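Chain lettering (A, B, C, D and E) follows the sequence in which the chains are written, and residue indices restart at 1 in each chain.
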Amino acid sequence: MNEFYPLVYTFHFYLFGLVALAAAIVFVTRKSPVAAALWLVVVMTSLAALYVMLDAEFVAVIQVLVYAGAIMVVFLFIVMLLNLGTLSELGEIRGKWGRIAAALVGLALVAELAALSRAAYSLRVTVPARSGPEAIAETGGVIGSIAAPMFRDYLLAFELTSVLLLVAIIGSVVLARKRSEHDAG
Amino acid sequence: MNGLLAAVHYNTWILTTLLALPLAGVAVLALQSRAAAGADAAAKMEIARRTALALFVVEAALSVGLWWSLDYSSIEWQAAVTLPWIPAWGIHYKIGVDGIAVVLILLTTFLMPLTVLGSWTGIREKPFAFYAMLLLMTTGMLGVFVALDLALFYVFWELMLIPMYLIIGMWGGSRRVYASIKFFLFTMLGSLLMLVAILYVAFKTGGASGVPVFDYDLLASSAAYPAQAALWLFGAFFVAFAVKVPMWPLHTWLPDAHVEAPTGGSVVLASIMLKMGTFGFIRFALPLFPSAASDPAVRTVMVTLAVIGIVYGALVSMVQPDFKKLVAYSSVSHLGFVMLGLFAFTTQGMQGAVMVNLNHGISTGALFLLIGMLYERRHTRLFDEFGGIARVMPMYAVALSIVAFSSMGLPGTNGFVGEFLVLIGAFRTVPVATTIATTVVIIAAVYLLWMVQRVIYNPLARRENAVLHDLNWREVGLLVPLVIGIFWLGIYPAPILNRTHAAANRVIERVGGVPEVNPTELTVRQ
Amino acid sequence: MTFDLALPSGLLGAVAPELILIVGAMALTLLAAWRPETDAHQRSVGKAALWLLALTAAAVVMYAARGASAAAPGIIAVDGFRWAADLVFLAAAAATIALGIESNPKDRFVTAESHVLVLLSAVGMMILAAARDLMIVFLGIETMSIAVYVLAAMDRRSVRAAEGALKYFLLGAFASAFLLYGIALVYGATGSTNLAVIGETIARFGLTGHTMISIGIAMLLVGFGFKVAAVPFHMWAPDVYEAAPAPITAFMAVAVKAGAFAALLRVWIESLSMMDAAWLAPVWWVAVATMVVGNLIALSQRNVKRLLAYSSIVHAGYLLVAVAAGTSLGTSAFLFYIVAYTLANFGAFAVVAALGEPGTTGPAIPDFEGLWSTRPWLAVGFGVCMLALLGLPVFGGAGFFAKWYVLQAAVTSPHGLVLLAVILVLTSVVSAGYYLDLVRAMFMRPRPEGARNPAVPPYTRVVLVTSVALLLAIGLFPGALATWARKNAAVTPSAARSPFAQGR
Amino acid sequence: MLAESLALSAALFTIGVVGVLVRRNAIIVFMCVELMLNAVNLSFVALARAHGTAGQVFAIFVMTVAAAEAAVGLAIIIAIFRHVRTVNLKNINLLRG
Amino acid sequence: MQEAHPLAETAARFIWWLPTLPLIGFLINGALALAATAKPGPADPSADHGHDQSTGPSHAASDSHAHGDDAHPPRHRFARAVSVVGPGVMVLAFGLALAIFAVMRGAEMHAPYINTLFSWMPVGDLQLDAALQLDQLSMVMVLVITGIGMLIHLFSIGYMQDDPGYARFFAYLNLFVFSMLLLVLGANMVVTFVGWEGVGLCSYLLIGFWFTEKANADAGKKAFVVNRIGDFGFMVAMFMLFANLGTLNYVDIAARAGQFAPGGALVTTICLFMLLGCFGKSAQIPLYTWLPDAMAGPTPVSALIHAATMVTAGVYLVARTSMLFSIAPVASLTVALVGAVTALFAATIGLKQWDIKKVLAYSTVSQLGYMFVGVGVGAYTAGVFHLVTHAFFKALLFLGSGSVIFAMHRAYHAIHNHSDDAQDMRNMGGMKRYMPVTWVVMWVATLAIAGIPPFAGFFSKDEILGQVFARAHGSTLASATYLGVSGATVLYAIWILALAAALLTAIYMTRMMLYTFHGPNRTGDGAQSHLAEAPWIMTGPLVVLAILSAFGGWLNLPETVTEMIPLGPTAVLEHWLEPVVGGATERIAAGSAHTAASTEQVLLGVAIAIAVAGIALAWTRLRPSSLVPKPLAEPSTGFQKVLENKWYVDEIYDVSVVKPVYATSRGVLWKFFDVGVIDTLFANGSAALARFLGWVGSQVQSGQLGTYAWLLVIGAVLVIRAFAQAGG
């Protein structure tokens, strides 16, 4: 799969990749939940950019709209609601040794996962690369190319997500609801 | 007799009936306990013990026919029944007996009514449950003796565990909880390893067909595993049976279990349950893995452990301050004789082992009953508390003396026949070990006579002993059959020996032992 | 009955039982929200939920009886294993609801929605049992889990419940991420998430040594390990089980585990197990660690729910042995085992629910002391369940043959798992230490002064009696269940492509 | 760019894991999990170029799941906050042993 | 049997009645004994036993010192019946024995008559029958047992008349006779062994007859246990025989003994193991210590069991298995040597004993040593001959002493003296005035045992000494090498030891007679007046035994004597026993030159001289008048003290064997290994370890979500590592 990529493409790819990486590191080291949440939004947005570059425009849009938008807003909303900016809540990061240990475990994990990128070159799958504008056009445009698998191959999964959301709705309603007098005692 | 039995097709239903009757009895007791819910404790006890006694007497009466109805010279299974049980797994309800099994079955059915009588007044709490446990255990024990399917065997084998555990734990002495769990864990550890071995054997033998073979006959006739595997398998069976026997050094659950168990529990435990272990060797461990069993190293280990058990049990028994503990350790010694006899691989040794099994069942059962009688009167079992009670309990003294001498192996009593046969048989193949084991005739005399002396002889120093009642008619009645058994087996054991001969020889041939030696061919070894 | 899964109608037909349950659950949601939270309302919703489960079960049975099958392998399986597992989930859900109807007021939450959530969670499980696609597996697991996260937090008055739910949720999400990553990597390596395709691709291209597939499977294992509470991914289980109301704990211990195992079995056996003997080692070690650690820690537990939590960890270890066997015999062993395990656990939790007092995290061992003298049948029932979990024949009923079956699977495995079988039995000796502790408390100790002897309410009683009766019956005549398990072990191993001989 | 994407994905995933390990604020821990899901999504999308758009569909499903989890998870966090007035996991350890 | 045995259709076919008669007696008397004392308890034994409080303790107390101390206890309820049954069966048995004897005398029999009763242990090639064997040797034993047994039973009627255990006593005595007859009549070693152990049992029961005294119970136990040490040897010998010959029947052993290499290690080992049994039963060094203690039993028991019959079983067994011993010279020499050493050793102890029965006990040990010397050197007839004469005079001595003790008891009892010892010679003295009959018969027995002609002991003892001397001059024994020493040397040493023992025997017996019957009476003033001769039922048997002791020598008059004085037929017993032991004797004596008549006469003279010297020495040196009653006696010192304490052998055994075994069993095996290692360390230890590990595990379960996540991640890293490796 040694495709040729224009330099500008490569540059931007690396740029957004580095931004995402840096933002992620900043995200986990922020004491304030609000700051952390905002940095996470940066990560997500960068990823959205990468999605575009990976020919997944629709996913990128959803990423910005749903993820960086809706979900993270809810997070921020909760952080604000609970007023978690207090000092006691801020001193929650583990101590030096905890961080060092975590870094070590992280390194171990990365070392293991690093093999993945090498492995990518050796993928012996012969599925033709169905990317690029032509392919997209063939399969019905940006949306259409997604619609096919989603509503044909993965129809069941799609329907299942509705059940999942139903569960989530019932669950969050039940949990967030004010206590009734029956269980108030 | 034979004609009558044949006329009612006795052989076709007897074994199953023997297994089922106690279970039916459990149901009866459950119903009765419901019905008697409001009654006072004494009435409950009365109902429960009468029902149990009646059931066991019927059981015993039914089983007696086995004495005549079977062909003991045949090497075919007698009274055999085969029905599918779990066909999906190749498991059958296959039962049948040979001479050795019949002897142990009769021992069981003969002792159980006596056990009930021995518990007659001792069990006041929750009598229904107690007798139900005894009944359940009976099914388990008989099941082990008749099972010819390894899966079925295993089920029966474990079936005994819980009733005994509860009997010790619910009706036992002060350290009953510790003793019961110890009993359970020791036994379970052994049997679970055996379970793995059984499965392995079944599937290895089933082989390409894919259906596991649990059928005893097929396994015992085909079994050919790699030598290494056979050793491991034998080892797994060994642990299961050795714990039950118990062989040194896996014996330490026994003293605790005996001391804490109520009289009935001790009797069943010593007289019948320990026999499961030795029977397991005879029926399963040896014939299934003859190559491992006859491996010189294995045999050396077995014989060594047996002899250590014999001597060790006797020596430790000698210094026990507690009546029951003494008898418990003496069991270790006695069962060591059985193991020695088994691994002698001679006819005399094997049949002697069966005899010792039987004798130990009778003698030790009687001893525990006697201990129970004393305990009911004095609520202690420490020798220091007794002395001189032959003065006030002459009948007790007579019974205790007879039983003690039987346990010691005095000629004329059953104990001698078994011990003698084991030793004379074992001497042919393992002379040094046998000679060491023979020294136990001395130690046995020491501990048993000391026991007798401290209980019934010596000055009648304690006031509370001076007012003891002698045995009542119930107690006399339950001891008389045992005493008769002691002398019968001591003086005229030939009927038993003739009945176990073919079965014993089959095992010996399987392990390549010395079934018969023609004296004229013997050359004197210098 | 053959469904063409490529057609929407065929797909619809193939998931009809799930649909019944989903639609019913939606209706019940409305019903639940219809009226204020009263105990009577909760009861009626609960009863309706039971009927719904019965209906679903009827559908499942019908499908099973008609021998429903798929025209071609698709995104979901239409086979006996699915129906068999479904019945277990439905029974577990029914038992949970039955216990919950009576336990909710005592645990001071009377939310009718809890029943609905149980139903929806059951839907997730049914999907899991059917899934032949990793994406479906993921969605099924999430459906099941999210419902259970909520159920764990259901007792809103209890700080413990909230804490338990939080731990469960955070760790659950964390583990899900691993699972998902695993799916991504497997997808990356094979180009598909369909189990059959994965298996074929691995075989065709000899991917067994490929880093991406290896790490992907490892991640999958981590994710499943978490859901089934295998060591070292088990840490959430005791805390959550202790905190949740008894019926919910039972549901988690039984149904959630069963669901995760059903999926794991499919994934493992349909596409992975026979590929590379080296893949066995991690499973082997996880199974051993689970059996050993679970049993040891259980020894020091006093709270019975917590004890049963560790017990459930242990049983996950035993089931992992069946998984490790990697044969269809392992699958049928799983089916048999899960039935026995379900019965024993629900029997036990019925008693725990009956004995539990409001405001506590459930009864402790001393609360069982002398139970035999005041509630003999309760004690006997609980005792049977303990012995079943211990795996003793006759008295433990089906529990024995369950273990027997797993051992069979291990012993016959082409991987040669005899040592694992030996470890299994050795650790189960340790388990006698705590199971018998309860038996001993009930039967060998006097009832303490002032101990409560609560009456056992009718639904709880039904659950207990049914469980115990079935346990004992199966214990004596396991043939039918064995045949059933055998017949429905239709998860076909990818053994045709395997370098190993096909095991049974 | 597949290899780079996968590497980035792995790195982000690891950062998420490390975050879960070092943070004790329940919400931040949860956000770390979200980061991990995002990392996986990147893998899906990247792999989709090799294997077809199904990977993109998976990414969308994952987002749905993330949303559902967020709803329920935040509700649970609120629930615990009601009881102990904190979301610091260090202080939430009634259940142990 | 190819043709009918000459005894087949004669009275001998009733031989099984011989043991059966006493067995019936045992059953009847036993039943009576139990019936007299037993009182069944209430149906519920744990019921309150307070209601019996009044009778209980007093009943127990009254029996606490049973043998006739209390104010005329009523006679046994069934005394009359017991008095008929107990001795009655003995009379019948003796009659039957005589009848069979008469038949045998007329029959020409070369092979023993075997009477098979039933198949006992048919196990493969081991076909053991319950079978009796009648031959000349067993006939002799049967006559001794039933004859002397009968006399002693009769004596006991008087001696035990006041004892509350009267019926029990006769039951045991009958049982003993039964066992003893089984022992001598057994056709195979196992049946013999039944009797062998049976007599041990009865010995145990009778020694501990008054069991409420701990000392008595201890003595009984000791007897049994020491005997069991011997039994161990017997059993091993049986096993070896069976393993090598494939049979245990005496007839077959005799037939197959030729398979053994003469003098080989195997047959020697077998014989040595068998010897261990004989030494135990017959109280030889090192297993003799039980016999003196056994005097705790009633005196008739001492007479019957511990003098006349049971203790001679060892001698009998050696004679019975002479076909083996005769081809094992080393074993035979061991027999003789141990016998000789024992004879001397026991005699030294006998010198300083004060208890009249203890003197006799050591005397018995010493005389048994003589018998072993006899059978050891292959003079089986001589051994058996001494066995028979010893049975006469030692039974007489014991019964006589019993008569004295009976009188002493009655006297003490009459004045309610419970403290003084009725058996201590220092409390006696001058008894001849009160008990003339006893005095006379006792002197007869004393002269007999000392070896004064023409009393029985002289002939038998001289026979043995002569044979030892003869063997030293050429026999398989003399030519064998014993532990590096030539057999002849050993035989000479034996001869000298035996002579020394004979001297000491004369001394201590005379001492006993002097202190008991002569000199002043030391019983005490009050009691003195109550001393009286025993009733006729007791003195009658004494007189009969005295006659036998006096003329028993006629059974086997030596040629040397008959050549000089024609007293009667020569060597009757030797001819009688010839079919049984003749072959063995010849085998041992092979190559011996006939001792010259003159040498034999010199030897005779030496024996007589020694006996006379001993008596004279004691008579002149001992001063009965200087004795003081036991309570006033000063403790002895020096060597005397060593002798009085029996060379401290009991103490040495106690310290070197008994205590270490007990200490090891308790301290090492039980407390350390059983309780410590297996239970605490392994069983409970592993349980505790499991619990501890569980506790540690539960501590890791800290409740901190961080910890959980950590473990999860570490687990994940490990699993990934494992898979990656698998893949890599």
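Please note the rule applied: a residue touches a chain if its C-beta (ideal position, glycine included) is under 8 Å from a C-beta of that chain, and two chains touch if they have at least 3 such contacts.
Keep in mind that what you see is a predicted model, and the values were worked out from it rather than measured.
Trainee: What's the farthest chain from chain E if centres are computed as the mean of the Cα atoms?
Mentor: Ranked by distance of C-alpha centres from chain E, the top chain is A.
Trainee: C-E or A-E: which has the larger count of contacting C-beta pairs?
Mentor: Pair with more contacting C-beta pairs, C-E versus A-E: C-E.
Trainee: Considering only mean CA positions as chain centres, point out the chain farthest from chain B.
Mentor: Most remote chain from chain B, centroid-wise, comes out as A.
Trainee: Measuring from the mean of all protein Cα atoms shown, which chain centre lies nearest?
Mentor: Checking distances from each chain centre to the full centroid gives B.
Trainee: Report, in whole Å, the distance between the mean C-alpha point of chain A and the mean C-alpha point of chain B.
Mentor: That pair's centroid distance is 70 Å.
Trainee: Starting from the mean Cα coordinates of chain B and chain D, work out the distance between those two points in Å.
Mentor: Averaging C-alpha atoms per chain gives centres 64 Å apart.
Trainee: Determine the centre-to-centre distance between chain B and chain E, using the mean Cα coordinates as centres, and give it in whole Å.
Mentor: 37
Trainee: Averaging over Cα atoms per chain, report the distance between chain B and chain C in Å.
Mentor: Chain centres of chain B and chain C, defined by C-alpha means, are spaced 43 Å apart.
Trainee: Give the residues of chain C that touch two or more other chains, as numbers and ranges in rising order.
Mentor: Counting only residues that touch two or more other chains, chain C contributes 135, 139, 142, 146, 149-150, 153, 156, 166-167, 170, 174, 185, 188, 191, 210-211, 215, 238-239, 300-301, 433.
Trainee: Mind pulling the residue numbers of chain D that touch at least two other chains?
Mentor: 6, 13, 16-17, 20-21, 24, 29-30, 50-52, 54, 61, 65, 68-69, 72, 75-77, 79, 89-90, 92-97
Trainee: Enumerate the residues of chain B that touch no fewer than two other chains.
Mentor: Chain B, residues with two or more chain partners: 185.
Trainee: Check the chains against each other and report every pair that touches.
Mentor: By the stated definition, chains touch in these pairs: A-C, A-D, A-E, B-C, B-E, C-D, C-E, D-E.
Trainee: Report the residues of chain E in contact with chain B in the complex, numbered from low to high.
Mentor: Per the stated touch rule, the residues are 34, 37-46, 49-50, 52-53, 56-57, 59-61, 63-64, 118-126, 130, 190, 193-194, 196-198, 201, 204, 208, 211-214, 217-218, 220-221, 224-225, 228-229, 231-232, 235-236, 238-240, 242-247, 256, 259-261, 264-266, 661-662, 664-666, 669-670, 674, 678-679, 683, 687.
Trainee: For a test of understanding, state which residues of chain D touch chain E in their complex under the given definition.
Mentor: Residues 17, 20-21, 24, 29, 89-90, 92-97.
Trainee: Under the touch definition given earlier, write down the residues of chain E that touch chain C in their complex.
Mentor: Residues 687, 690-691, 693-695, 697-698, 701, 703, 705, 707-709, 711-712, 714-716, 718-720, 722-728.
Trainee: Across the complex, what residues on chain D touch chain C?
Mentor: Those residues of chain D that touch chain C are 6, 9, 13, 16, 20, 26, 29-30, 33, 36-37, 39-40, 43-44, 47, 50-52, 54-55, 58, 61-62, 65, 68-69, 72-73, 75-77, 79-80, 82-84, 89, 92-97.
Trainee: Taking the touch rule as given, give the residues of chain C at its contact with chain A in the complex, in rising order.
Mentor: 8, 11, 15, 22, 26, 29, 36-39, 75-76, 108-111, 113-114, 116-117, 120-121, 123-124, 127, 133, 135-136, 139-140, 142-143, 146-147, 149-150, 153-154, 156-157, 185, 188-191, 201, 205, 207, 210-212, 215
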